[in-house]
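Below is the structure I would like to discuss, written out as structure tokens.
Going by the order they are written in, the chains are A, B, C, D and E; count residues from 1 in each one.
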Amino acid sequence: MTRKTSPRPQKIGLPPGSPVYFGQTPPGPTEITYFHYTSEEVVEEKISSLAEVFTREKKEGITWLNINGFQNVEAITQLTQHYQIHPLVLEDILTVDQRPRMEDFERYLFITLRMFYLSGQKKEIIDEQLSLILGENYLLSFQEIPGDVFNPVRERLRSGKGRLRMLGADYLAYSLIDAVVDNYFLILEHLGEKIEVTEKQLIEDPSPENLSAIFRLKRNLIFLRRSIWPLRETINTLLRSESKLLSPSTLLYFRDVYDHTIQVIETLETLRDILSEMLDIYLSSQSNRLNQIMKVLTIIATIFMPLTFIAGIYGMNFRYMPELNSVWGYPAVLLLMTLVAGLMLVYFRKQKWL
Amino acid sequence: MTRKTSPRPQKIGLPPGSPVYFGQTPPGPTEITYFHYTSEEVVEEKISSLAEVFTREKKEGITWLNINGFQNVEAITQLTQHYQIHPLVLEDILTVDQRPRMEDFERYLFITLRMFYLSGQKKEIIDEQLSLILGENYLLSFQEIPGDVFNPVRERLRSGKGRLRMLGADYLAYSLIDAVVDNYFLILEHLGEKIEVTEKQLIEDPSPENLSAIFRLKRNLIFLRRSIWPLRETINTLLRSESKLLSPSTLLYFRDVYDHTIQVIETLETLRDILSEMLDIYLSSQSNRLNQIMKVLTIIATIFMPLTFIAGIYGMNFRYMPELNSVWGYPAVLLLMTLVAGLMLVYFRKQKWL
Amino acid sequence: MTRKTSPRPQKIGLPPGSPVYFGQTPPGPTEITYFHYTSEEVVEEKISSLAEVFTREKKEGITWLNINGFQNVEAITQLTQHYQIHPLVLEDILTVDQRPRMEDFERYLFITLRMFYLSGQKKEIIDEQLSLILGENYLLSFQEIPGDVFNPVRERLRSGKGRLRMLGADYLAYSLIDAVVDNYFLILEHLGEKIEVTEKQLIEDPSPENLSAIFRLKRNLIFLRRSIWPLRETINTLLRSESKLLSPSTLLYFRDVYDHTIQVIETLETLRDILSEMLDIYLSSQSNRLNQIMKVLTIIATIFMPLTFIAGIYGMNFRYMPELNSVWGYPAVLLLMTLVAGLMLVYFRKQKWL
Amino acid sequence: MTRKTSPRPQKIGLPPGSPVYFGQTPPGPTEITYFHYTSEEVVEEKISSLAEVFTREKKEGITWLNINGFQNVEAITQLTQHYQIHPLVLEDILTVDQRPRMEDFERYLFITLRMFYLSGQKKEIIDEQLSLILGENYLLSFQEIPGDVFNPVRERLRSGKGRLRMLGADYLAYSLIDAVVDNYFLILEHLGEKIEVTEKQLIEDPSPENLSAIFRLKRNLIFLRRSIWPLRETINTLLRSESKLLSPSTLLYFRDVYDHTIQVIETLETLRDILSEMLDIYLSSQSNRLNQIMKVLTIIATIFMPLTFIAGIYGMNFRYMPELNSVWGYPAVLLLMTLVAGLMLVYFRKQKWL
Amino acid sequence: MTRKTSPRPQKIGLPPGSPVYFGQTPPGPTEITYFHYTSEEVVEEKISSLAEVFTREKKEGITWLNINGFQNVEAITQLTQHYQIHPLVLEDILTVDQRPRMEDFERYLFITLRMFYLSGQKKEIIDEQLSLILGENYLLSFQEIPGDVFNPVRERLRSGKGRLRMLGADYLAYSLIDAVVDNYFLILEHLGEKIEVTEKQLIEDPSPENLSAIFRLKRNLIFLRRSIWPLRETINTLLRSESKLLSPSTLLYFRDVYDHTIQVIETLETLRDILSEMLDIYLSSQSNRLNQIMKVLTIIATIFMPLTFIAGIYGMNFRYMPELNSVWGYPAVLLLMTLVAGLMLVYFRKQKWL
């Protein structure tokens, strides 16, 4: 969640459409998982050689190839060439900082988006690029690293529950995107909880630590926003594209995902509003605290400065100071001091400083 | 009024269109109220078995089924299946954090919006989801909890006053939405009064309590805004949809509701502007108060430091200090001190600090 | 100019289109003024009975009925029924917090807008709702309270100067709206003068009073803005409506009013910009003043604290302090003190604090 | 450059289209300059009687009449009547606070914009209204005061250099507008230089004077913006109007002016950004300075208060204070004081305050 | 990277389309490089006389003329005349402050954009204008100064690797624009690194130097933004133009560049957001530091003022002060002082100031 700029510069000088991996971390080993299903049966396998895939694929039903890790660029190139994918698409798949978008190449649709999920006990936010190629009866999905949000979909494929196995590759693509968007809600809930914790601390006892927590959360939202805003547009393009690859009944489901995306965006904006508000609260609490500190200082100084001055007068060594010799001198001065201090306290109470 | 993120995450892994309740509070017991009316007569009943409804419904006239509480998901599913409602619509009804929107399924329209009303003596703001399904001669309304804003509509149905009983289900839908929007005005008036009270306190005596009141009101407005903004678009979609379910004369009434929604939104924005202004007033009053405090401190210090210094000089124990032995020494020093203090006061008056 | 929320809530429970007055002040007595004119002659009368109007009206020429005050709701209802006005329009006329807008009912146009004018010596801003119904040869105008901006129009009607008497009811409607918009300029000029006065005071001697003046002016602008922004859209709708009630030559005049409205809006925005700037000036003057105060305090403290310390040293009662017995001790210490004070002053001058 | 509101209010009560001058300054004497040119010859004259013009004008070629000063409203009215200009246009020409805009009256185009130029040694910014009426072979230009930016155009007319004399009145109109827009660059460069000077001072030694300079520059930009933004729209309307008065080749030139206008606007926005940044710099320098001042105060107080306290202790007059009688008492106390002061200094260096 | 306003003013008075150079620096010597290639061969030469070019050009294949430096305006004029380029285009090429834009002149396309690259060890950002004229089988490119980002393109031309030599002049234009946009990523990465460094310093030890670094970076982004925003629109115009000069397959590549431009813009906006955040962090750290300073001052003053006062009391010279003569007087006072100081410390710990 901390990429600020893209790794694009390394690419300068290469001709466009070059099948080379570009990312901030080295590419992981390439693993290919093969799913083939009809309404009756489902086959699931880890693939070692692409040739295997190409022979099998002639059967009826839907094929889903999930590619994980971009170390073996050659195999990936071979695969996309087999499906006659445009080299620019391959380049975009391998450059893992794409802006979510969708492109219609008639024979297939290319969709790229960002997948976020929480990982491990520390609930770290994992951010990776997901690229989908949707053809007539196949779906290719490309991920950067192992681990994803698709296990419920796989489970539904295996068990045959729900409509998934009865419908086309477009419904499978919908199911994957829906899983991704559902996880956005999870991330937002996670951030929302962190915001609530920070807010409570802020109200009880504002400290500079709260401030940096606010800024950290704010930055997280900036990056999420950058990934999720274009997704709205992406799905909208998909809804308006009159591609034959998308059946009308699936479009209804995509409309649902579209609504979810808008809801994610609005939640995000609300969280941003709350964070700005918390910053305002912090700053005004700072200023309030300064006022408190200054009040204490002023009260102390205003009481003790006149008193010290009075004491100073009678500490002078003039030979002729009649008060010094009076028996009542000392008690009178003590009384005067008490009076002065009392008057000051009355004044401060009037000013509502006490 | 404090939901920040949606309860969506719990749903991850379920196939889309699953009829399961999702909300932040457990679902209430399901109660179904049955209204059937023609221009001549009206029947009103609490329903115990759905079968009852299905047999009766063949008569002429308009049927209004109000479903309250989502505990009995099975009955609700049965009901929507009877009316041939799409499973995604049922899912949206049961997921009670929907963004206001409207969808046209030709045979029926699905409208979801948020209902706000004040409850009890404390005038707590209650926020629940209202879903409407408008068919040719029926209206289904789904609410989360008992209590709503529809009693005046029910009263008009029972008494037969006004046009309500003579017109179709679309006019009934309009009447419900109109009642919801009218209550938005009430909520805003309620918040407007709270804002006025806070503002008065702020001007008389700004305190950190005012600040948190401002932020509480601000957050209320953020959440209201999030619910009301999309309603405008929703009603606009409805006005532009060329659905046969909406008669031209009812559309005229919906146009009126549309105008009210815009008025609600503008009032909301005005209240937001006023709150930001109040925040500015608070902050500048803080800064002004700091200036006041510092002036007091500076005046005291500036007067007494030189005086104490003078007293300090004549408190020194040098053997050869001619002033100490002079008879006029003491009065002269007192005079000098008075002069210094006087000069300081003149300076402060010049600086307009006194 | 201080309505924050609308009086709408009182209305909850009434069927839509009910002819009942809703406003923040009680309705004034209903007065109807009747104007009838052709290019040759003009008749002007205060009307007591509506029947009178209905008989007269058959003549040729243009009829202008101005209704003032909504106490006699019955008479107004009768009047609108005579002209076959939709009940929702009547409701909108009587609910005096309408957003400016225009609706085309084919046989007539309904236009509602807000009229502002300065009243009395204190130049109080009066805000009332003006509703116009423009038919083929009649114009109905509805106002809340006596007093308006139409006297110049009446004068032109009486004298027959200008084109007014020769043209249709649409030109009369234009003339009234033009008079309203011209008065917006007057209001803005009035506020502009107040802003200039406040600005001058702010630059000469910033005080918290300036601040509240700024906020008062800002709030005035917020309310004006809320009334004037939608007017632009209203007139634009009117320009684009292809109503037969508007002749092409009158549309040219409405285009002129449209330009004026834009100019009003831009002036308003400029005034808003100037006010925000004044707030910035105030705040930075506050902060500057704090710096000044702190400089005085620091200078005084920095000079007198070391001096008092030196005096304190020689005020100690140690038996063995050789300086105390020296004849030059006292003058040497005084010299030292002068040196210390001098060095401090040099330092402050270097820091540009003096 | 300081008009805030328009002089419109004076006009209230007059029928629309009245040919009366309205401005903030009294109108200047009316001077008419006559240019007539073909590709072969050019005639240039100061006109005393309009009759003269009307007789001459029948010849071939292009006529340019430049009217300067609106004192003689009658002559101007006569002139516009001769060219059959709509009275509303005349009114707009005479009301010298028009928003830049363009209107197509088929037989002629009316364009109004604002002309800015620097005048005299003090480089005062002069702001006046320029109205153009472009007919088939004539151009009327109306200015408020003597002095304009058209001398280079006149020179090109006289010398016959460039394409100006060979092309139509539309190209002449383009040349005038181009000259106006070129002067916007000059004004911006002038303001840009002032901004740079202020910025340098701000960085070297921030003072309240810089602040008021920033606000003065900001206000200048607000007013420029108000005049230049609508010009973009104006020229765009002109480009899209399919008027026969504009030849395709001239449109190409207007497209160039359009690009320049956008560039002016972007420069303006950049200058605005820089000014807001300078305000931020000023405010943070203020706050930084306050910190500096407070550090000095705190260092002084923190060093001398404990020392003075120690001195105070040994200034007490108790009979039984063993230290006072010790020979090493005085040096020991001096040592203690040095230690305390030293420790404080070490602490401040740790805090990086020194 | 510091041009604020354009050098346009110098141009005032010249007829439009004058071939004169306008820039902030004097023009460099004009160098022309000639590339001619087919899929089989490539010719690359430095050109001394234009006549040479004109004779050769009749051959098949693509010609790329790169013109560097605008000293020899005459030669450039001759060249553009040979290609029948419109004089306004030539003027725009020579006025090196153009806003990125594209214009379609049917026979050729004119594209102007800004080229940024890092130069030398100090990684200074070089900013120059690049103008392209794309004809049927030629491309003219105009640069201000030697040094550009096209070496990889030249290398690919020479080596014949990739598709470059097989495709038309439009693909060459694409390759150049792609190289320019790729360098934007590099610039952003460079700025992103600087931002990261500044941020680290800011968090460790905020100082006014960080502030000026923030403002410097902010200004860099303002200028980049001004150059890159319009490029998006430019490429969009290009994509939508139905020019025959652009083949469909090349348009696919331009769509890719378009996506990159959007990505550059979004990265830029993210960097801007981060910078504003850093400014907030700086300001709140300032305010926090002030609080810290004031706490130290208040603690010191609050502890030592009462103590000094007590010492002052027993430093008074009254004859009758019973405590002074008591043996336990001195230790009792010391105890009292310790108690007072202890109480103060307890109070400060309660306030969480220690």
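Following the convention adopted for this analysis, a residue touches a chain if its C-beta (ideal position, glycine included) is under 8 Å from a C-beta of that chain, and two chains touch if they have at least 3 such contacts.
Because the structure is a prediction, the values reported are computed rather than measured.
Touching chain B and chain C together: no chain. Both chain D and chain E derive from one sequence, and where they touch, under half of the residue numbers involved are common to the two copies. Separation between the centroids of chain C and chain E, computed from CA atoms only, is 43 Å. Residue positions of chain D touching 2 or more other chains: 287, 290, 294, 297, 301, 305, 308, 312, 315-317, 321. Taken together, the touching pairs link the chains into one ring where each has two partners.
Across the complex, chain D meets chain E through its residues 149, 151-152, 155-156, 161-164, 175, 178-179, 182-183, 185-186, 188-189, 192, 195-196, 203, 252-253, 255-256, 259-260, 262-263, 266-267, 270-271, 273-274, 277, 280-281, 284-285, 287-288, 290-291, 294-295, 297-298, 301-302, 305-306, 308-309, 312-313, 315-321, 352-353. Put simply, chain E touches chain D in their complex at residues 4-6, 8-9, 11-17, 86, 88, 92, 97, 99, 101, 103, 205, 208, 211-212, 215, 218-219, 222-223, 226, 279, 282-283, 286-287, 289-290, 293-294, 296-297, 300-301, 304-305, 307-308, 311-312, 314-317, 321, 323-327, 329-330, 333.
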